[in-house]
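Provided herewith is a single structure, encoded as structure tokens, for subsequent inquiry.
The letters A, B, C and D name the chains in turn, as written, and every chain counts its residues from 1.
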Amino acid sequence: QGVKPKVAGVHASPVENAWNSRLHAALQAAAEKGTIEYVFSEGVSANDYPRVMREYAEGGAVLVVGEAYAVENEARQVAAEYPDVAFLMGSSGEPTGDNFGTFGTWNHEAAYLAGMLSGRMTQTGTVGAVGAIPIPEINMLINAFRAGVAETRPDAKHLIGFIGTFFDPPKAREAGLAQIDAGADILFGERIGTADAAKERGIKAVGSLTDYTSRYPDTVFANAVWNFDPILAAALADKTAGNPTGKNYTPYSLMKEGGNDIAFTASMVPAEAIAEMEAKREAIKSGAFEVAVDMSEPK
Amino acid sequence: MIVERRETRPLALVVLSPVIAVAVALALAGVLIALAGAPILDAFRAIAVGAFGSRLAATETLLRACPLILTGLAVAVAFRARLWNIGAEGQLYLGALAVVTLGFSNPLGLPGPLLAVLLLVAGALAGALLLLGPLALRLRFGVDEVVTTLLLNFVVVLLVSMMVEGPLKDPLAFGWPRSVPVLADAQLPKIVERSRLHLGLVIAVGAAILVHLVQSRFVFGLEAKAAGLSPRAAAFAGVPIGRTLVKVALLSGGLAGLAGAVEVMGNRGYVSTDLSPGFGYFGIVVAMLANLQPLGAVIAALFAAAMFVGSDAMGRQLGVPSFIADVTVALCLLTMLLALFFSSYRLRRG
Amino acid sequence: MQTTIDILGSVGLWAAVLRIATPLIFGVLGALLCERAGVLNLGIEGIMTFGAMAGWLAVYSGAGLWTGLLVAALSGAAFGLLHAGLTVPLGLSQHVAGLGITLFASSLSYYLFRLAVPVSGTPPTVEPFQPLDFGPLSDIPFLGSTLFAQTAPTYLAILLAIALAWILARTPLGLAIRLTGENPHAAEAQGLDPIRIRIGAVVAGSAVMALGGAFLTLAAFNSFFPTMVQGRGWVAIALVVFASWRPGRALLGALLFALFDAFQLRLQPLAGGVVPYQVFLMTPYLLSILALVLVARRARVPQALMQPYHRGER
Amino acid sequence: MTSRTAPALEMTGIAKRFGAFTALDGVDLVLARGEIVALLGENGAGKTTLMNVLFGHYSADEGEVRVFGEPLASGRPRAAIRAGVGMVHQHFTLAPNLTVIENVVAGTAKLSGLSLSLPAARARLRELGTRFGLAVDPDARVGDLSVGEAQRVEILKSLFRDARILVLDEPTAVLTPAEGETLFATLRLMAKEGLSVIFISHKLGEVLTGADRVVVLRGGRMVGMRASAETSREELAELMVGRRVERPERHERPVGAPVLVARDLTLRRGGRTLLDGANFTLNAGEILGLIGVSGNGQKPLADILFGLEAPSAGTVEILGQTPARPSPRDMVRRGLGRVPEDRHAEGAIGDLTLWENAVLERLREPRFSGRFLVRRGAARAFAAHLVQRFDIRGAAPDKRIRLLSGGNMQKLILGRNLDGDPPVLVCAQPTRGLDEGAIAGVHARLLEARERGAGILLISEDLDEVLRLADRAVAIHAGRLSATVPTAGLDARRLGLMMAGEDLGRAAA
């Protein structure tokens, strides 16, 4: 057994941030299994981001994992200058060259399923969603949730709030409270903090990306969980096999690959809603049903 | 206890005090590093290597120094005339915004270099104009500019946020809030291959030399100093206070605006609300470390940049939380403030 | 128009106003106390961040919530002492020292937090302050679910505003602080020690600021994370000006700002950004500048604000 | 042990050093109960320092202070106040934004106390006011008071705290002669009630009439003590300076053509008329004394002449020309020499060097600058030349001017103006706060310039000074000028009446 490949994580936010925590969890799991050596930096500002990428590239990392959203051009520039290193970046853009691979955070299928449950559970017929800023991946997530709601409760009213920043839980909480005040009795919390509002007012909430059930046991009844592991595994496999890694790894986000799934607490959900949802889940996995990808800004 | 100004500043003190300051700051940072369980000496070595030890390290240090030189100059120029410009951050952003607004297209078909020069001027002008507001309030109503310039920083960043989510939003940025890029041929060329280091460094150092000459040799430099120290006496001597402060403000705001222009045109290519990790505020650090001397600002900016880049790399290497970089720079500022103080004052019991 | 009225009439809005205002009230009172003694404390943003971290960490490590607040206040006091030490006896530039402290306190709080709390998937939480139950009072329509449905620190903030107003206007200590802020030489000639008064005011003011930070992690939310304070300290600095250095008006200013914020959060999901939300966020800053222009004419600014005082200097 | 017979104050062997400089060197001072002592001395003799030691602003390096027989803890104003010492500082220590009563009661109660008990304090303040003739409205904002009223507040602050020893540092420097007289009447009253008073002054006249005893300091040592009944101006002046000082005399000389003519100068600001149709003519080779109590419009008049302020109406003619929009530098270029009223606030910039201060007025002249660059060599040489020619002590071109004493700073200001032999000079209060030696020096310079043929407008509050130096005098009162009268045969009483505006009617004829 040779040396373990060194994988670097470059996190623009602290790793507690839900999205980063998914990358971090997958990378740490891999490191614990002994497949990789994992190093990381967190809270890296856009100005520093390219430097940190370069430092890892020069420091012997074979794969650099991170997020290119705020630095799409710069990140690609770095990749071009370090052709021997693979870069795997969350991005809304396309892969570039042989070594700049991208992935999208497509847990919209799970969000759809959570929406179906929500549609059955809402009493007021109003559901809210709190997002960061209207970028395509957040848009598609919220749109999918709404589509799910619409399937089980076609007349539902939807409230949308963007907090204008990626990480401000108290603000997300205020936005959530505002929606509750406006009549929502189920909140889709794309951002952490939303569920706190639901908890405070005794209504139910849906989590996104990570599983919030243990954090809000009586509030969060379902989560649209996203798993980074399949993407990481695929990219690592390509890298070890010597294949180009400059490709779009987003398909590994899909439910059939294990890239996303719903995690829910059965005791909090009506049984008939579960059955209906599980059926849809199977349909998605088998390819019989495809959740629409709608990246337009929800209004 | 009485604070007493030293009439002579012993050379040894002037030279030694910054050294002692940095040593103390590093020692304190060392304690924190030790808390994280990392070996301290290795950590210090890693800081040095991380700042200068490779081509990447050196160019990154210089790259980070570049806007710091300019904002440091902006602050030094203003502070010397007792114009408390805390608004370099906002001026930087407004400069950047101006550059992007005028530089994302080229309706007149200007040649690239000419457009670049015009954009630099436009950036400087935007920053300059922003400082005129607080200055006017001070001259007209006696409103203290510390608070107004500070507050305008947040206003401008919100304005940038509004623009990059609105009219200037890059349609190709997948909804990410950032502006359209400046045309490629109006961007500043890189001056070291395979690095981020760009022509802005030359501009910044040139600006420092120019400011040095202006302050030490020019009539305007002396008038600005006089106006800052005592507006009444300067007015009596015939120094046009308003006009002089306006010039100071134009120069100071202009330098900060230039920092924004250079950062956009040389480094990032577009503007967003995360363009600056506090370059404007660090400019105050730089200016103070430089004792408001323009050429000193170059060295101080290099120092601050090296501390940051070096500690950041160290943190990565030794598994110390990366926030150690900012802690170290902040410690350096505080100890350096003390060192500067003790090199020109002494304490005596009353 | 109708939506505006609906929002303004909603209970949730007014409950939110008090909640959003609380950290600002602490911040603005702390800053005001420092400035009344003649010291501008731009360390506020960092001190609030550190208070948020320290208070939370104490509770996370097993201390009670009130102990957490106390720890936050003490940590704020420590940074206040640092700021005062640099600016009062030594007379170093107040804005530079203040910005240095913001830099230091905020980066140090992230660093210590990361050392103390190992990296984990979601931010670790504590059980925060719960809204108090005032029994029958809480059942009064409207008032019950706004005024009487807050967490304890919110009431602490309001009490503090009243106390500070009373101290400044009515007590010998308050007069001593005001005199020091107006003319430290006069204070010394009256047998007061302006240095100690300034240090005391800055230390106490900083402790109050830190409570504002702790409110964020112990009441408004239940975790700490970097950039948590999100410029609330700067807003507080602006509000001091807006309030003409008067505690009562500071309270009003904080509530007004919170009203803006709460209103815009509620308008947004309904009206969907007719006015960019940034405009709302800019308003308090611009209003403060306007206020500054208006008060400057009436010379309400503490006259020795930012002027270092050295004994025996002329 | 408080002895019933111990003197109010005994300072023995007081020494105070600032760095290497010895400001006080073994000074002894005794003050009896109910006595008024004047402290006299040149600028920098150590008078203020001695009193600051007494009040606890400084702690002495050597020596002992006893108040009513009790040793006084050093370096603590609070201890001094408690022992019954009150001090009225040279520069008022008042907070303009607070009310009179607030200024007075601050620091009087325990800081841990819960109430200011203002009503009681008000009553007491009123009572003190009537008793000593120091009436002020307790609830007035101090910033709205006149200088005289502000000084009353200063004294009341001490009385309010039961001061039994009152120290006043140059109390009359800012007062009108009439206010000064009222003050001394008050001091007498206080002495009768058993208070002891020390006041510092440069004005020999008031020292002789106002004090029981005069103590003279020179170079940080006590060099003499006289009962004021048994000494004279001349003796005191000599004690102060260490040699005989003669104020120079003016000799008759023929007068030349007009050099500075004011025509109907009027200045209105904020609805108030500060200067109301002022007319005068200043001729070459004469000194025109403009006498008046400060605050009657001489500052606006000087500012107009200096080019700092544009008149609301009227013109200034200098050497036959009438500049359309005069500016300070324009007036200087046209041949005006200017000495401002406040040398610290207007005449010099403390943190600039001597050379920078020397050339700032003429910075734009080709001699000192090119299009952009300062000719630093020429400027330094100019400063060095002034230091030499005008005997500026303790000075070097690259030294910060803050380090000069008032007298030497004044020499630089006069020197930079006189060096080019300007045909016109406007000097505002050129000897205010200066000691006898320095005053004689300034007077000599002004008379030299007159001899040379310069026309000099001497703005002063000092009757003596005007009578000695000026050929003609004009008074200003409430913004209006009297007619100009020759000083020959004029006496102080008549001048005093003119200052008070009594004589204006006759003068207009």
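Things to note:
Here is the rule we go by: a contact is a pair of C-beta atoms (placed from the backbone, for glycine too) under 8 Å apart; a residue touches a chain by one contact, two chains touch by 3 or more.
For reference, the UniProt names are B, C = ABC transporter permease; D = ABC transporter ATP-binding protein.
Since this is a predicted model, take the numbers as computed values, not measurements.
Among the other chains, the CA centroid farthest from that of chain B is the one of D. Across the two interfaces under comparison, A-B and A-C, the one joined by more C-beta contacts turns out to be A-C.
A separation of 35 Å divides the Cα centre of chain A from that of chain C. Work out the mean CA point of chain C and of chain D, and you get 46 Å between them. Distance from the chain A centre to the chain D centre is 77 Å, each centre being the mean of its Cα atoms. Looking at chain C, residues 110, 226, 278, 311-312 sit in touch with two or more other chains.
Within chain B, contacts with two or more other chains are made by residues 161, 165, 323, 350. Multi-chain contact residues of chain D (touching two or more other chains): 57-58. According to the touch criterion at the top of this document, the contacting chain pairs are A-B, A-C, B-C, B-D, C-D. Residues 1-3, 32, 35-36, 84, 86, 137, 141-144, 146-148, 150-152, 154-155, 158-159, 161-162, 165-166, 278, 281, 284-285, 288, 321, 323-327, 329-331, 333-334, 337-338, 341, 345, 350 of chain B are the ones touching chain C in the complex. Residues 39, 41-48, 50-52, 54-56, 58-59, 69-70, 72-74, 81, 91-93, 133-136, 139, 164, 295, 297 of chain A touch chain B in their complex.
Chain D makes touch with chain B in their complex at residues 18-19, 57-59, 75, 306-308, 327-329, 332, 338, 340, 345-352, 356, 360-361, 363-364, 369, 372-374, 376, 403.
Here chain D touches chain C in the complex through residues 52, 55, 57-58, 77-78, 80-82, 87, 89, 91, 93-98, 102-103, 105-116, 143, 157, going by the rule given at the top.
Residues of chain C that touch chain B in their complex: 40, 42, 82, 86, 89-93, 95-97, 99-101, 103-104, 106-108, 110-111, 114-115, 226, 231, 234, 237-238, 241, 276, 278-279, 281-282, 285-286, 288-289, 292-293, 296-297, 301, 305-306, 310-313.
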